[in-house]
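Following this message is one structure expressed as structure tokens.
We call the chains A, B and C, going by the order they appear; numbering starts again at 1 in every chain.
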């Protein structure tokens, strides 16, 4: 049984949903040594979110962003407005989609479905860099 | 400390939310041997989702389905349309509800509340069979 | 590798979102002994939910509550109405936000971001007391 835990500081992203599966895998070469386990990806922010969705057609993240504007519109009678028009909608969408993902690990790889990718959705216009905590744990391969 | 990991291939479901607690328990007889631990249920798809909700009144899953049509309507200016009118709404609802559940395990059973059941929500009209990965880990009972 | 699991019975809350980070920490003094691990917070109910969001400005939870009324309105043609006008909207929001949180643990503390707090959102007008199951696991500090 082993635990690995790392911080991963992402570059600043434009508003919208961005596939970050590759960045996560690059930060976790230890994944290859885990026979069976789990990966937790945790975003330490309240105005962006993590989600798993289709990673093939670039129209999917664009449509997700359009849906997010429907779910938590800027044009809504918010009280919390002093941090900008895009801040409270960002908090709303962060609660809808969540900031913590659990992905099973088997035979040294993430057991994502064929079409699944890990997305960071940036809900602010100028969110800046975002920090992830990656926690990988499980049983190691024999030998 | 033990890990168990299994694939569970579900039958094709009609659109809507379906209680699958029994199918999950039937696939995991090892649950009875775990004194304290966690179960992760992971859906390897992007157009269906997993959720925990009231498992008693069959009107609850019907109303959940109606809410899903409100959250991610078919009648919306999506770009991603080539896979059918029900595909992008399915991706939207998959991001809203999620595809990964964590349930605590104690004394050999899932620590769900009295009214809680595990649902698979099928968001496509012809989604076909769906695959779950079940990952159970924890400390075993003594003796 | 250690597992700790506890029940935490919260007082009855008014409708709305309430920071419960302090109550969770007070119930888990063992957290200080964990070098690296995970905490799962699980709510055993279907008409309230758990979320991580900004814990500074009290307008944020008020706006979240207003968004929840938009996401799952009381004025909607529900079938499931016999438990009160606020029951099915509560189930809807419980599926949107979820009832299970995963938070990484490092060096004896929760690795929440600076502005992140753990919220219980009470979706019923008279939801009564709510039960959490806290499951903490990980590697202990040496010595």
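Operating definition for what follows: a contact is a pair of C-beta atoms (placed from the backbone, for glycine too) under 8 Å apart; a residue touches a chain by one contact, two chains touch by 3 or more.
As the structure is a prediction and not an experimental result, all values here were calculated from the model.
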**Message:** On C-alpha atoms alone, could you tell me the rotation angle mapping chain B onto chain C? Nearest 5 degrees is fine.
**Reply:** 120
**Request:** Note whether the interface between chain A and chain B is symmetric in residue numbering, meaning over half of all numbers used appear on both sides, and answer same or different.
**Result:** different
**Message:** Can you work out the whole-Å distance between the CA centroids of chain A and chain B?
**Reply:** 20
**Junction residues of chain B - those touching two or more other chains** = 1, 71, 96, 98, 102
**In the complex, chain C residues that touch chain A** = 1, 36-38, 51-54, 57, 59-60, 62-64, 66-67, 70-71, 96-98, 101-104, 106, 111-116, 138-139
**Prompt:** Once bound in the complex, which stretches of chain C touch chain B?
**Reply:** 1, 3, 5, 40, 42-47, 71-72, 76-80, 88, 91-92, 94-96, 98-100, 102, 131, 133, 135, 137
